[in-house]
Amino acid sequence: MRYGSFFLEEITPFESMLRRMDEVIVQKRTRYQELTLFRSQGFGKILVLDKDVQSSESDEYVYHDTLVHPAMLAHPSPRSACIVGGGEGATLREVLRHPSIERCTMVDIDGELMELAREWLPEWHRGAFSDPRARVIAADARGWLEANPERYDVILVDLTDPVGADSPARFLFTEEWYRLLSERLEPGGVVALQAGMILPTHHREHSVIHHTVAQVFRHVRSYRTYIPSYFLQFGFLLASQATDPASLEVSLYAQRCHERGLALRYLTPELIRAQYALPGDLQKALREEQMVSRDADPFWLDAEGRAQQGPVGPR
Amino acid sequence: MRYGSFFLEEITPFESMLRRMDEVIVQKRTRYQELTLFRSQGFGKILVLDKDVQSSESDEYVYHDTLVHPAMLAHPSPRSACIVGGGEGATLREVLRHPSIERCTMVDIDGELMELAREWLPEWHRGAFSDPRARVIAADARGWLEANPERYDVILVDLTDPVGADSPARFLFTEEWYRLLSERLEPGGVVALQAGMILPTHHREHSVIHHTVAQVFRHVRSYRTYIPSYFLQFGFLLASQATDPASLEVSLYAQRCHERGLALRYLTPELIRAQYALPGDLQKALREEQMVSRDADPFWLDAEGRAQQGPVGPR
Amino acid sequence: MRYGSFFLEEITPFESMLRRMDEVIVQKRTRYQELTLFRSQGFGKILVLDKDVQSSESDEYVYHDTLVHPAMLAHPSPRSACIVGGGEGATLREVLRHPSIERCTMVDIDGELMELAREWLPEWHRGAFSDPRARVIAADARGWLEANPERYDVILVDLTDPVGADSPARFLFTEEWYRLLSERLEPGGVVALQAGMILPTHHREHSVIHHTVAQVFRHVRSYRTYIPSYFLQFGFLLASQATDPASLEVSLYAQRCHERGLALRYLTPELIRAQYALPGDLQKALREEQMVSRDADPFWLDAEGRAQQGPVGPR
Amino acid sequence: MRYGSFFLEEITPFESMLRRMDEVIVQKRTRYQELTLFRSQGFGKILVLDKDVQSSESDEYVYHDTLVHPAMLAHPSPRSACIVGGGEGATLREVLRHPSIERCTMVDIDGELMELAREWLPEWHRGAFSDPRARVIAADARGWLEANPERYDVILVDLTDPVGADSPARFLFTEEWYRLLSERLEPGGVVALQAGMILPTHHREHSVIHHTVAQVFRHVRSYRTYIPSYFLQFGFLLASQATDPASLEVSLYAQRCHERGLALRYLTPELIRAQYALPGDLQKALREEQMVSRDADPFWLDAEGRAQQGPVGPR
């Protein structure tokens, strides 16, 4: 910590992390964002997009296990999946481990990023982009899903937070967007979403997303995971019109893992089930939340991490 | 983040956090350590001892719920408790919420710190130091427990990590020490321990403690909690010769909470039970751990966060 | 540098200094600014106003020698002086060392700051505020000087930079302001100004001030000093209708020091004279500068440290 | 300053600079040190060796003008020169601008560094390494000069500080070393040395070097320059048995510049002469200094920047 190259990251609006960079591997700018890949002592390669650490070589499995498998295992036999975002290819990689999958469509706005990922992030995608079942689309996910009426057994949403009153991401966190996702689900389908950090300074981010999703879906379940390389606890959501994943037995999760040949590094059948037990303070926040994000009045996070609503900027 | 007063904390050997200080409330040095208390935007008052954040006003309940209540609720009716460390008084405060408690002994090496806590940390102790059931001892815990053969229903161990080959804390992490704790338990007694961060750079700290404790106790259970103001996930242990806390039903935890009038902010009966479900990677680390810390060959953490053993320095 | 309390200061828009604070002595907010006084290892007490280090106990004499004595010694017998800014009282203290001074008027906008200085900064003012020759006015200097037609032998201007398009300080860096200063000088009078850092990222700040002052005064001389506690080299200006300070002999400076009983810690007669020798790059910048700051089109520094002009905001 | 890649540099033991890196151009490790070259907003390319900024594209001329030309111009017609250190080639480049130079020998311990400089630092050396008058030796300077009895008109010493009790650089700051330099001078020869930062925390570094050099040379002159990209003021020394550079007239410096076709960016004849005027506090420090660094009892800087002497470690 005495000297050298560091990446400075705003973990919260009031706390910033200085991360030692043993080696800067690559820095590239796409039309949408800047990619920095560096080698760290504790986490191996670390991928940064713009200002936020996205993933590290040593713990990306924690994040991707948590986003992908609870949804995939809540479905008896997923054949089609859609990934919204997820540019580095590890979400795709995990989806393709389920042998019933025939087609996985990935829609990320940043085509250049996916090209960079192919070249520089083999530890993440491990060849998934070249899997014949994968279809990769460079497009705004909302417009693309509106225009393409296909349906999916599982939809996985992996987006950055709507930070700032003019963030274009605002319209990927509204009731109308979640209604669109519901319409793109096959009967019995399940949606999983990365749903914001859970922290005192950001305490409403997760509950607003939860409450908005709950306007659309019959079953909505929050769960949480600590991502070591983020130094943060993130919230996730499962949403479905058909299935409450917290009602499925540990034995069913175990059976599906076994049938699909899935040996997961982070999740276990017991942990998948256990993670739906939420702490009292979070239950209270979810119970009391009133804000619903809508296209006419979308929610966003201000510079202090507080949830704000409207006014409407251009979509 | 542009300018102002900050506290710089080494979160890991390779990552450091800059925390904005809105106001430095007090800085005092005792014989053993330096106390800094400052006001933050996100976490309210933050207490630092030497180099590490110990607790924040806004989330100390997460830590103290997690350390105290799983053990206290695993015991049918705890009448006596002993706290090792815990200078700021919040562990004591939580123990005293259990109405069966007749006496709680707290042994912390730093008497001056407890005096400072009385004056400056009312949000933490909330008067617990003045409770007639509390007995506060300023002494080295190992020596004091060796010399005082009283027994307790619950022992709560809240110590700092043994960092460095000459850390005196090394002898509070050895098999002999845990054997002493076992001898100081009443039949049916339970020990809870704060047991190190769980992070790639510190991956063996928790498993070495677990493995060492398992040399002594019949039942040992790991569980984890994310402490927001630390930006870290910490491991905890329950150990007992009599009871496996993971075998107790949710309904039993619920009943005991109800009987004792405990409305907890963080823990719920479901969450207490659920937290014994561990991720696969941690289960593997616990299974594979071979290191046992002993007085003749104690374990400690080096500057890179790695677990090391021996040689023996003076106790 | 591993951990502890630090003050983070933006030295330039692209470089920031982390300064270890051994002790935060006082933090107070006035209507205009926030004062932080802390103890450092290398510089003793350090005074910060808002975001910038103003002065340190161990090297304030470098700054105040450099601002005050070249002007005072360029005048044969200064009886009256006016200080614009200079809230902590050290400029006043140095002026009062010249025995010919009968009256020194100090105009600083922040009356609360001067009260805080009296109480907390004895190392700076050393009682100067209580000297019967001192008159201290809490007022906007431009308005006050416009309204009060007194004249002075020496005027010393010690102001913060005009940073940002809406900085009220812009109108204390214009031709009209310097014309006002000229009108407030007695015949033979001299003005000294702190005139901006001299650094590649701020390379025009000093030259714009120089060029603007040169619209008004017949003799204008730049000189430079490194202020250790700033880690920066600052430019200063002497301006006069009557005297070119660079034309005075070393022996004259020596004689005046001797007559006035001035034993200076930083400046010597040789150094006063030598400091008017400027480096080639700075001479070139002064020669080529075209920008004149005027009330209708005032100059200011943008976030990258570049000199900008207009548009006019409210004065 | 909110986020991104930064280089953290210990400017003093108590103050550290965070410098934004727009792009990391190259990072390489030689046997002796690590080279980092990055692009900055304010200073262009910045060269770091190990922990210290060495030079920046935008202000290297300040440093190299100051080290090279006062010595070269104090000599009526230098034909041979020797550079000790100076790996990036800019000192060599400046020496070769003097047309009387027939041979310039450069001795730097780090041959790999000079290879890297050739490839990556064209803005510094500008082809000087390929000049037929240049001879480049990769060797320890002390040993090489002891073994090679050639003499030089000018010797330029550009070394890093002896930081730490076991720094090998200690033996390049002793009376015996300076005596060796004196023996390697032609009659009328001049030595210039980079001689430590001048700062309250390092206040004796320069005076110890000065006092040690003064044991050997009849004429020793200190001078100072602020190096913007260091944010520090550095001391330099001229030493000669024959010539006091402060006794030479401005007109002589001007004439020699003219004869040699030297149009310098930083120095002017007036400034060369003026810089020998020292501030009172530094004169006092030089007058009072008692420490002489000798091989048997060499001086070094401790972690707090204080001058220490002995005990003798291996040379």
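Letters are used for the chains, namely A, B, C and D, taken in the order the chains are written, and counting of residues starts over at 1 for each.
By our rule, a contact is a pair of C-beta atoms (placed from the backbone, for glycine too) under 8 Å apart; a residue touches a chain by one contact, two chains touch by 3 or more.
Fair warning: this is a prediction, and the values are worked out from it, not measured in the lab.
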Reference interface A-D: repeating pair among C-D, B-C or A-B with over half of contacts shared: B-C
Size of the rotation, in steps of 5 degrees, that lays the CA trace of subunit C over subunit D: 180
Inter-chain centre distance, subunit A versus subunit B - centres from mean C-alpha coordinates, in Å: 33
Whole-Å gap separating subunit B and subunit D, where each centre is the average of the chain's CA atoms: 54
Two or more partner chains touched - positions in subunit C: 1-3, 10, 16, 18
Contacting residues of subunit A [partner subunit D, same complex]: 1-10, 16, 18, 21, 23-24, 27, 36, 50-51
Residues of subunit A touching subunit B in the complex: 1, 10-20, 40-43, 58-59, 62, 198-201, 224, 226, 228-229, 231-233, 264-268, 270-271, 273-275, 277-281, 283, 304-305
